[in-house]
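Labels A, B and C are assigned to the chains in the order they are written; within every chain, residues are numbered from 1.
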Amino acid sequence: MQDSNATSWHLDPNRCFSPEPSQRTLAGELYQEVRSLPLICPHGHVPPEWLAEDHGLGTPADLFVIPDHYVFRMLYSQGISLEALGIPSRDGRAVEGDHRKIWQLFADHFHLFRGTPTGLWLKDELIEVFGIDMRLNGQNAQAIFDELTAKLAEPAFSPRALFERFSIEVLCSTDAATDTLQHHQYLRDDGWSQVRPTFRPDQLVNLDMAGWRENIDLLSERSGLEVSSYRSFIAALEERRRFFKELGATATDHAALEARTEALDPAEAERIFERALQGQLQAGDAARFTAHMLQEMARMSCEDSLVMQLHVGSHRNHHQAIHRGFGRDKGGDIPVAGEWTRSLSPLLNAYGDEPAFRLILFTLDETTYGRELAPLAGLYPCLLLGPPWWFFDSVLGIERYLDSVIETAGLYNTAGFNDDTRAFASIPSRHDVWRRVTCNWLAGMTLRGFVDETEALEMAHEFAYGLAKRAYRL
Amino acid sequence: MQDSNATSWHLDPNRCFSPEPSQRTLAGELYQEVRSLPLICPHGHVPPEWLAEDHGLGTPADLFVIPDHYVFRMLYSQGISLEALGIPSRDGRAVEGDHRKIWQLFADHFHLFRGTPTGLWLKDELIEVFGIDMRLNGQNAQAIFDELTAKLAEPAFSPRALFERFSIEVLCSTDAATDTLQHHQYLRDDGWSQVRPTFRPDQLVNLDMAGWRENIDLLSERSGLEVSSYRSFIAALEERRRFFKELGATATDHAALEARTEALDPAEAERIFERALQGQLQAGDAARFTAHMLQEMARMSCEDSLVMQLHVGSHRNHHQAIHRGFGRDKGGDIPVAGEWTRSLSPLLNAYGDEPAFRLILFTLDETTYGRELAPLAGLYPCLLLGPPWWFFDSVLGIERYLDSVIETAGLYNTAGFNDDTRAFASIPSRHDVWRRVTCNWLAGMTLRGFVDETEALEMAHEFAYGLAKRAYRL
Amino acid sequence: MQDSNATSWHLDPNRCFSPEPSQRTLAGELYQEVRSLPLICPHGHVPPEWLAEDHGLGTPADLFVIPDHYVFRMLYSQGISLEALGIPSRDGRAVEGDHRKIWQLFADHFHLFRGTPTGLWLKDELIEVFGIDMRLNGQNAQAIFDELTAKLAEPAFSPRALFERFSIEVLCSTDAATDTLQHHQYLRDDGWSQVRPTFRPDQLVNLDMAGWRENIDLLSERSGLEVSSYRSFIAALEERRRFFKELGATATDHAALEARTEALDPAEAERIFERALQGQLQAGDAARFTAHMLQEMARMSCEDSLVMQLHVGSHRNHHQAIHRGFGRDKGGDIPVAGEWTRSLSPLLNAYGDEPAFRLILFTLDETTYGRELAPLAGLYPCLLLGPPWWFFDSVLGIERYLDSVIETAGLYNTAGFNDDTRAFASIPSRHDVWRRVTCNWLAGMTLRGFVDETEALEMAHEFAYGLAKRAYRL
């Protein structure tokens, strides 16, 4: 056993691999072949202004705690208030402004992340990106804060410098359909076309979302088309898709509580939209319209070839007090069970065989991987399965995904990896975990005689690079 | 790493075993004891005429591609049309007739099956049954086509010769309740009573199935009883069961979307049946009648001791264009979530303790293994759990089944293995995978101290042979 | 291979550990550090009178077969009647009274428990607690019966002697809210305050439960408050909680078919309660009232700090003939699928952040571990996840729980282990399995580089001792 007072730490070069020596060795050999491949980041939430403006990344608390709901939700679950963690409030309540205090609180509770993917990423970032050689704890918190602060002030830690150090080949952001894309425009003008936008119309197609009416007005303004009817709404969305595509977008993204799809009669769609404009929605209108708009978005993808992404199953803003006090996307979203087989039938039967159409699916209900998603992806030409999302983007989550999906769907109906993160400095760590876990999984498959080493190596390349690049038409 | 140009291939003698040396060794020892046991095939879809007529098995495309929806659905999912694969159309459209071209297309895309059970079975068949020593690819496709064609012309590759070479002790087909069983009769007369029919009445008990009325007429004809009422319907089914049993059947088979069971009042059953005869079904009639007929079939099994099989959870003909163009059972069926606890309650409370009654359950929803099926099978004397079905009849699928079921239900409430296949030449491969995976699983159980080697060996025999034989009363 | 006639048996010192040598070694090292820690037993069903009266534990059949529904349900599933096993009948039918015959029947079928947790516990108990050195079978059944009988007559095998030998630090029983707690009072007076009651009001809050009206009268009697209205019902429950707390209770326990929670308007609660008193319940009343009472119990816990436990998902008395003939809790309960995210929302939004409130959740639907329970526990400060319950309290069940829960919820949002058993002599075996499996899991986490040895050791202590002790405020 090690000395229990040890606070130095290091990264196990064989981390994520099986303890079994033959699998570990082969996993390591496969990993060596793919570890340095460029990163394809086709779906994420890094703000493009970070790269456009190329300012510093702020304090250690700005980088590691305040924007990362994986981090502060775990602290919250153990009784630490969001105020004390400096999370910006929506209702004007005071929150901690001293980032040294926030950092101390984080460090005092760093043990909470033991055995979690957040713990794995944080350790990897601190060591690999920032060269911190002591395990973070309450004693050394301020010293590490100083060290990180010094590093963050160096030019080598600007967003663009890190982007290049991380060997990112392409990075897609996620942008409201009404966004001006000014930062993307700036980046393109500046020769940074490897940063691309993604078209996300959730706040327009969900009629009951707070601020919907204002967003429709914004859509009119941004599209240059007055949205006064369902027909003009569709035209404006099409215009916006064209604009996004012009600025480099290759994909759209859609979040929904359920996978329900349904083609409404155009007259019915018009009536519902009319009621929404008049603020007179009836029960069921919003859910039916959302289902219809998924169908419409598939139609548009058949026409403009933007790859459609669908994320299903998050019950948003479960913790109402957090939502009231701090707003959306603050860790208060919880998964619910999902259904795909019946729900996607209208969409797939309408567009599932169209050569230009591609639909990438993400779930928060792992039980659907093997039961519904893999059989569907193993049948419909348009379908690819996205990697594990959110709570399941972890070592064991990835292993369950591979175990559940590949036997039925095959490798080539999956979409590789995406990091789906706003935590910019964690991007290499997340890809590294994916590459390690897929190589380890392939090593197991090889040693069990299901594929040979030649095949495993080709598959490792696909997992690490090829699948995502082709899936998103990058 | 191996030479990536290598195209020779071989079967790893330790395939499916754990990479861990002690488990691998013990798995191999257990496997040696059961690998050559005769095959019990109590449920499958090999056409009995193949064995009755004992003709050749056709071209390589006839054997490996055209009848196997596991194969052509994977190709379809990557954009290859069913027409190009020579799948017979239902609507008269032209399909590829040149089997060399079909074979080439299959070979060009053989990499799609990497890591899938189909890939494992195909490799095993090509090497073990046909002696092909090169991995199939686009370059060698025609040479392998020639080699297979030559083999298939030899008498040693006739269905009966293969049946004996495969060491099949008993093979049960699945036959419509209205079948004449002429091939079974012929086989019995010819001394081949090891081929047995299974009674499958789905097309009679599902009132809304296409062709139901014609099937009722056929039932009248075949049973010699005019079916003009619910009462005579029941009598005709009983007569047909008697006939099947006379020709060697020991089991019935039932497919249903859901496990719902319900005893209707006889007068109510009569009224629904009447409406069906008059083509005036009301909403819900068909589902209630199916639920009632499962209950009735259980009653009949109590009387005639035919073992009842129930396969639940396939949403049939999900891909409507494939269904329209090519008909049923073309890979377009997708699982849905299931429920057993409440659904089977009426049936189990009526017949679950009857000594003559045996009910074997199959699911496409793995989440029900541990939550519902194992607890039910560990309680009701009539129940046995069938092996993983369809998409889950794979190495990892079998492991998840064993991990989920045995701790709660025990070994002795399971029904061993069945291959459930129409792909005749794949039968030994499928049983071999089951035997390897169960032996490997038992080796793990032994090394972890849950059973000792003596117990493991007895359990390996049960998995490979005893359980299926007793479950089906063979 | 071993001699198949061997009937001697022994406990593998490395049982439950991985076969992989490095993991096995590290698991063993961690286990050495925690194996002898005292047992915290915060939830179970050992009758307190056993310890109060400190009589002998009866015959071997009394100890191992008759009270253990895990044992007799497996025998029943293979066609052995409950009458033959001496299970006391509710309807006066005769049951076997010769405990030697019952024991013989059990021994004849001991192989049914191969690979089950019951088999593991029984072997461990027979060897470790009773020193039986032959594997139980039909041949040696009577000799072992004699040996056990002799042991059970010794003072060292009295309940209190075993309690101390087992190194139990605290043992909580589960007691009806109307219980007099006389045995607990006696034990406290006798200096045995390490035995504590738990407040279980299920038979009062479920309005449609058989005997509800009589239980309400009993509640009036025991609380000294006449329960004639909803208001007085609440007051009486609060009085009983106070009484339980006075006698050492730190927790309450609630079983429900579903996790539904709902705050009724007090007037509505009063109306429903009124209808119940008058025997005029309307459809839906009982389910709504139960949901409301969960909410109320949470409110009371905020006030008196009793830890609330909620067990969800058992469909009670599925086998109606067993229920009629032998009563409740006879192995005839079967899990159903569950939902937590939406169901607990009212309760969590009302009380989830209250510092005094703690809610420990148990499920019979493993699919909710990762999808709903871990995300909820990783957010709400009040929540902790209980260990695997019932059918899942097994080696593989514990491993699935750890794999599904820890990455998202972290270690510190779980509640350690409880044995939940009436089988007194199995308590050390059950804790030992938990300790072995958690140590083995931590060894794997360490070797894969997710935690280091220092962290793993601290976590092993938490799993074995600290988590349960703190979770239950013991």
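In the analysis below, a contact is a pair of C-beta atoms (placed from the backbone, for glycine too) under 8 Å apart; a residue touches a chain by one contact, two chains touch by 3 or more.
Since the structure is predicted, the reported quantities are computational estimates derived from the model, not experimental observations.
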item: Interface sides of chain A and chain B: same vs different residues, half threshold; value: different
item: Chain B on chain C, rotation in degrees - Cα superposition, rounded to nearest 5; value: 120
item: Inter-centroid spacing, chain B versus chain A (mean Cα positions, whole Å); value: 40
item: Two or more partner chains touched - positions in chain B; value: 18, 20, 367
item: In the complex with chain C, residue positions of chain A that touch it; value: 1-4, 6, 9, 11-12, 14-21, 73-74, 76-79, 111-117, 119-120, 315, 318-321, 331-332, 334-337, 364-367, 391-392, 394-397, 400
item: Chain C partner contacts - residues on chain B that touch it in the complex; value: 18, 20, 22-23, 29, 339, 341-342, 345, 348-349, 352-353, 355, 367, 370-372, 374-381, 383, 403-404, 406-413, 444-445, 447-455, 457-459
